[in-house]
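First subunit A sits with subunit B, and in the next complex the same chain sits with subunit C.
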Partner chain A sequence: MTSRRIVRGLLGALVGLTALYLVAPVFIVVPMSFSDSQFLKFPPTSWSTRWFESYFGDDEWIASTLASIQIGVLVTIASVVLGTLAALGMVRGNYPLRGAVAGLVLAPVLVPYVIIGLAVYAMFLQFGLTETTLGFVLIHTALAVPYVVINVSAALFSFDRRLELAAMNLGAGPVSAFLRITLPIIAPSMITGALFAFITSFDEVVTAVFLSGPDLTTLPAKMWSGVRVQIDPTVAAVSSMLLLVTLALFSGAGITRFVRSRSGARRNPGTAEPDTVRQTQ
Partner chain B sequence: MACQVTVPSTRERVSAHDADPAPAAPRPPRRAGGLLDRWGSLVLPLVAFLLVVFVLPLAFVLAQSFTEPEPGLQNYTDFFGSPVYLDVLANTFRIAGMVTVVTLLLGFPYAYLMTLAGPFWRGVLMVAVLVPFWTSLLIRTFAWVLMLSDTGVINTVLREIGLISEPLPLLRNLTGVLIGMSQVMLPFAVLPMYATMRSVDRRLVQAAEGLGATPLQAFWRVYAPLTAPGVAAATLLVFVSSLGFYVTPALLGGPGDVMIGELIAKQLSGVLRWGFASALAIALLVVTGLLLALVARFVDLRRMLGGAR
Partner chain C sequence: MNETIAALAGTGASIDVQGISKRYRDTTALDDVSLQVKAGEFITLLGASGSGKSTLLNIIAGFIEPTSGRIEVAGKDITTVPPYKRDLGMVFQHYALFPHMDVWENVAFPLRRRKVARAEVERQVRQALDVVELGRLAKRRPSELSGGQQQRVALARAIVFRPRALLMDEPLGALDKRLREQLQLEIKRLHSELGTTFVFVTHDQEEALAMSDRIAVLRDGALVQVGTPEELYERPSSRYTAEFLGESNIFTGHHRGARFIDATTKADLAVGETGDCAGALVLRPEHAHLAAPGSDIPIGHNVLNGVVRDVIYLGSGLRVEVTLPDGRAIVSRPAARGRYTPEPGTGVLVHWHAERALVVPDHPSVAP
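Right, the complex of A and B next:
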C-alpha cells in the first residue's frame, strides 16, 4: 500500500513537471520584453518599455501587423464560406470519390508546411503572386479551411434534420428553413472554425517566409527575420502582446465551450474535453 | 478507442438485402461512389479551390524535380548519392525518433494520470496540453531561445544556486532541438493515448490483482497491452509530424542538426536550386504520406486534427 502511494507521488511529481514544461516557458517573453538590455539577459538588470516603443515607432512593424490582420480577415471569410458549403455537401450529399475528397480536404493540415511553402512559392512566382495579399489569402485559405470543414461537419452530423422538415411543413421555404433553423444551430461551430482559420493565417510562419519580401511582409515573417540571425528584442515585445491577445481570445472561446459542454454534460457525459490540435511546425 | 472501425449502419446493411430501395429518410444512406446530387455539388467549390491552390503547386514541384536544371533523375541521384545529404536525412529520422521517445516517456504517465484524476485536475492537465496550441509556434520557439541561451533563464538559475560555474551548452545543438521539439509535439502524444486510456476498463487491472498479480504485473500485462493502439497512434503521429519540422530546429539547432525541412529552405537562399529543393520536398512528401497512411489505420485523423465533437 505504501509503495503504491510512493508511486502515485512520483507520478504526480513527474506529471506536474511535465505540465510546467508545457506551459511555463512561453510566459518568459513577458518579463523579458520589459528588459532594458539589447541582449535579453536573464534576469533583466533594468526595466524599460523601449522595445514596445520600438515596435510602435517602426513603420515596417506596423505595416506587417496590418497586413497580417487584413490577410487573416479575408482568409477567415473565404474559408468559412468555402468550408461551410463543403461541410454541407459532405454530410448531406452524394458525390463520387468520397475518400479522395476527404483526403484532399485534410491534406493541407497534414503535409509539412515547408513543402507547401516551396510549392506555392514556385507556382506563385510564375503568376506574380508572391508578396501580394491575394497570394497570401489563397494559400492561407487552403491551410485554414480544413478546420472550418471539421468543425461545421461535426455540428451537421449531430443536427436533427427533422427540425428543417418541421419548419418546411409549417410553411417555410427550403431557403428560409435553412437560414432560420439550420444556420443558427451550426453558427457556434462556424465561429469556432472562423477563429481557428484566423489564428492559422495570423500565426503562419513557413509559407509566409517564402512569400514575403520588400513589398509585403506578414508579422510572423517579420518576427522570423528578427530572430533568425541576430535577435531583435522588439520581437519579445511583439510576442508578449500577441500572447495576451491570443490567450484572451481563446480563453473566451474556451470558457463559452466549457459552459456549453457543462450544460450538455448532464445529458451526455464524457464529451466535455475539447481535443483540438493544430498543425505546428 | 482511438482505432477506428468502419461499420456500415444498420440501415445500409438492411437495405442491401432488401429488394426495396431505402425509404425516404431524414438522412439518406450514402453510397460510396454515389452520383453527384444537389447537396453533393456544394463540395465542388472547395475541391476546385484546393486542386488549383494546393495540388497544382505540388504537381509543379514534382515535375520540377525531374526537369530542373535539366531533364532526368539527376536531383534524386545527387541527393541519395551524397554523404552530406544522406547525413541530413539520417539526422532528420534520428531527431524525429528521439523526439518520439521523449514525448512517449513524458506523455504516457501524463495521459495515465489524467484518467486517474478528478474532473478539476483533469481539466487543469487538459488546459496545459492545449495551451501550446493557443500560442504561436514562433513565439514558443523564441521563448526557448530565451530559456536556453548562455545568459538565459536555466543557465542563470543554475549558476545562481551554484550548481554550475560555466553555462551549459543548451542552445544551437541537439539538446536545444530536442527540448523545443518535444514540447511542441507532446500534446500530439498525450491526446491519442488519453483517448485510448479513457476507454480501458480499470476493473480488469483490479481483477488481475485479485487473481494474484502484483500491481506491476497487472499494469504491464493487462493495462499496457490495452493501451497499445493509443501508443501506436501517438508514436506514428509524433514521428511523422517531426520529420517535416522547420522553424524549431532552424532556431534552436546548430550546424550539425540540420533537418530536411531546413535543407529544403536553404536551397532557395543564395544560389537557387529549384530542382534539388523540389526533389527533397518530394522525398519528404512520399515518406510523410506513407507513414500517414499507416497512422490512419490507428487513429481517426479528422478527429485528432480539429475535433469539436
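Right, the complex of A and C next:
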C-alpha cells in the first residue's frame, strides 16, 4: 500500500516536471515581451508594452504577418482538398503499389526540413519561385498534406460504407451519396486536419528562411532574422501573441468538441434501456 | 392508421432471378440460382452463413454485380441498372441509419433524392413514421434510439418512397428475442397491408417459418428447395432441409419398396411410399408417439424399444429424449397429460404411423 503511494507520488512528480518543461518557454517569453529593456533579457528588470507598440508600428512586421496569414489560409485550403482526395485513394483505392503511394504522401513528415528546404531552394531559384506566395504555398502544402491525410484516413477507415450503399439504395447517385453522407461524417476530421495544416504553414521556419527575402518574408522567418540581426524584444512580443493565437485556436476546437460530446451524452440516455420504457415517455 | 398505410401501399413487382452465379477468384458464392418471386409475395432466403443468401440479396439490390445471369424486376432486365435507379427499398442488418441526420431527415432522404415537392415530403414522412409508430421521435438522432426503434426508422425509410419491393438483410439479427418476435409480427402486418413484394434474408428457421409465404433454402451457394413453410416442413426434398427446418429424427439407410432398412441396426421399418435408393428416414418429433412397454400399438405403426433419458416440461407439451439400444437418441413431443407419463430411466416404446415418416433420397450435392 505504501509502496504504491510512493510510486504514485513519483509518477505525479514526473508528470509535473514534464509539464513544466513543456510550458517553460512560455514563462520566459511572455515576461520578456513586457520588458522595458533594449535587449532580450531574462528576468526583466522593468516593465512596458513598448515592444508590442513597436510591432504594430512596424510595416515590415505587419507585412510578414499578413503574408503568413495569406499563405496559411491558401495552404489550408489546398492541403484539405488534396489530403482528403489522397486519403480516399489510400483507404478505398485498389491498385498496385498502394503502400508505396501512402509512403510517398507521408514522406514530408519524415524527411528533415533542412534537406527539403535546401532542395526546394535550389529548384525554386531556377523557376523564380523564391520570395513568392506561390512558392511558399507549394512547399507548405507538401508539408501540411500528411497531417490532413492522417486525420481523414483514420475517419475513412472507421466509416461504415454500408451508409453509402443505403444512400444509393434510397436513390442517391455516387456523387450525391459522397457529398450528403460521407463528407458530413468525416468533416470533423477534415477540420482537425485543416487546423494542423494552418499551424504547420504558419509556424514553419526552416524552408521559410530559405525562401524569404526582401520581397516576401513570413512571420517566423522575420522573427528568425530579428533574433539574428538585431537582438530586439519585439520578437518576444510577437511570440507572446502567436502563443495566444495558437492557444485560442486549439482551445476553441477543444471546447467545441467537449460541448458537442456533452450534449450528445445528455441527449442519449443509453441504449441498454428496454424499448417499453422508452415508449411511455 | 389503416388509411395511412393504404396511402403508402403500392403494387409490388415480381422479381425474376435467372441463373445467377457469382464467382470470386477461388470461391463460388452463388452457383446458377434461379428463383421466381411473385408480385406481392413474402419470400425468405434461408441458409447458414456462407450459403450465399446475402450475396443474392445484394445482387438484387445492385450492390454486387453477378458473374453471370439476369435479374428482372416486373419483367424488365435490371442486371446492369445501378442501385440508385432500381427503386427497391432495403433494410440492413445494422440499420445503416445516417448518424448525422435526425429521424425525420433520414426518412425524408429518399423523397428528397426524387425531388418530391416540400409539402408532399412533409406528408409522406409523417405517414411513414405513423406506420411504424415513431412520429413523436422525429427530431431524435439515431444514436438516441434503442435498437428496435432504429430498426423501425430503417423500415420507414425503406417504405416511404413506395419501392417496387422491400429487401431485408437479417433485419432482426441484432435484436433480443422478445423484440425480434414483436418486430416479426409488425413486418408481417406491414407486408399484408402494403401489398409490396418482400425479400427477407435470415438464418433463423423459426423466423422463416413464421413469416414467409415461401422459403428458398440455400446451401453453399446453391438453391436446395423452394416452397411454402408447410411444404418444406412436411415434405423436405433433402436431408439438409429436413435438418435445417425444425427438429427431426433421422435414420440413414436404404429405401426398398415400401420398407426402409436402417444402416446401423438393420431395423426394417414400414414407410408410406415405395422407392429404391440410399436415403434418410425423417421423423418429426410430434409424430413419434410414446407408449408403456407391452401396450397395444396401432396397426400400421413402426415400433422401436428404448429407454427414457430425459423429460422436459415445455408448458404446451413435453420434450422427451429416448435412447435406442444402439445408443442413438430419438426425440418425441407428446402432450403434457397423455395416458402415458414417461419416467426417466424406464423402458418405453416409440411408435409412429408408417405414412408419417418421410424418406429423402441422398443426393450427391446434399449428402452429408
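Simple rule for what comes next: the second predicted complex is superposed on the first by the 237 of 281 C-alpha atoms of A that agree within 3 Å, B and C clash if a C-alpha of one lies under 4 Å from a C-alpha of the other, contacts with A are read in each partner's own complex, and residues count from 1 in each chain.
Definition applied: a contact is a pair of C-beta atoms (placed from the backbone, for glycine too) under 8 Å apart; a residue touches a chain by one contact, two chains touch by 3 or more.
In this text the structure is predicted, and so the values were computed from the model without any measurement.
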Most subunit A residues touched (candidates subunit B, subunit C): B
Subunit B versus subunit C as contact partner of A:69, first or second or both or neither: neither
Which of subunit B and subunit C A:111 touches, first, second, both or neither: first
First, second, both or neither for A:170, with subunit B first and subunit C second: second
First (subunit B), second (subunit C), both or neither touched by A:181: second
Which of subunit B and subunit C A:77 touches, first, second, both or neither: neither
First (subunit B), second (subunit C), both or neither touched by A:139: first
First, second, both or neither for A:160, with subunit B first and subunit C second: both
Partner chain(s) touched by A:191 [first = subunit B, second = subunit C, both, neither]: neither
Overlap of the subunit B and subunit C footprints on subunit A, listed as residue numbers: 160, 162, 165, 271, 273-275, 278
Residues of subunit C touching subunit A in the complex: 61-63, 82-90, 92, 94, 96-100, 109-110, 113-114, 140-141, 143-149, 157-158, 161, 179
Footprint of subunit C on subunit A - complex, ascending: 160, 162-163, 165-173, 176-177, 180-181, 184-185, 264, 267-269, 271, 273-275, 278
Residue ranges of subunit B touching subunit A (in the complex, touch as defined): 26-28, 30-47, 49-51, 53-58, 60-61, 64, 106, 109-110, 112-113, 122, 124-140, 142-147, 149, 151-153, 156, 183-184, 186-188, 191, 195, 198, 215, 241, 243-248, 250-251, 261, 264-265, 268, 274, 277-278, 281, 284-285, 288, 292, 301-309
For the subunit A and subunit B complex, residues of the former touching the latter: 4, 7, 11-12, 14-15, 18-19, 21-23, 25-29, 32, 39-43, 82-83, 85-86, 88-90, 92-99, 101-102, 104-124, 138-139, 141-142, 145-147, 149-151, 154-155, 160-162, 165, 189, 192, 196, 203, 205-206, 209-210, 220, 223-224, 227-228, 231, 235-236, 239, 242-243, 246-247, 250, 254, 270-271, 273-281
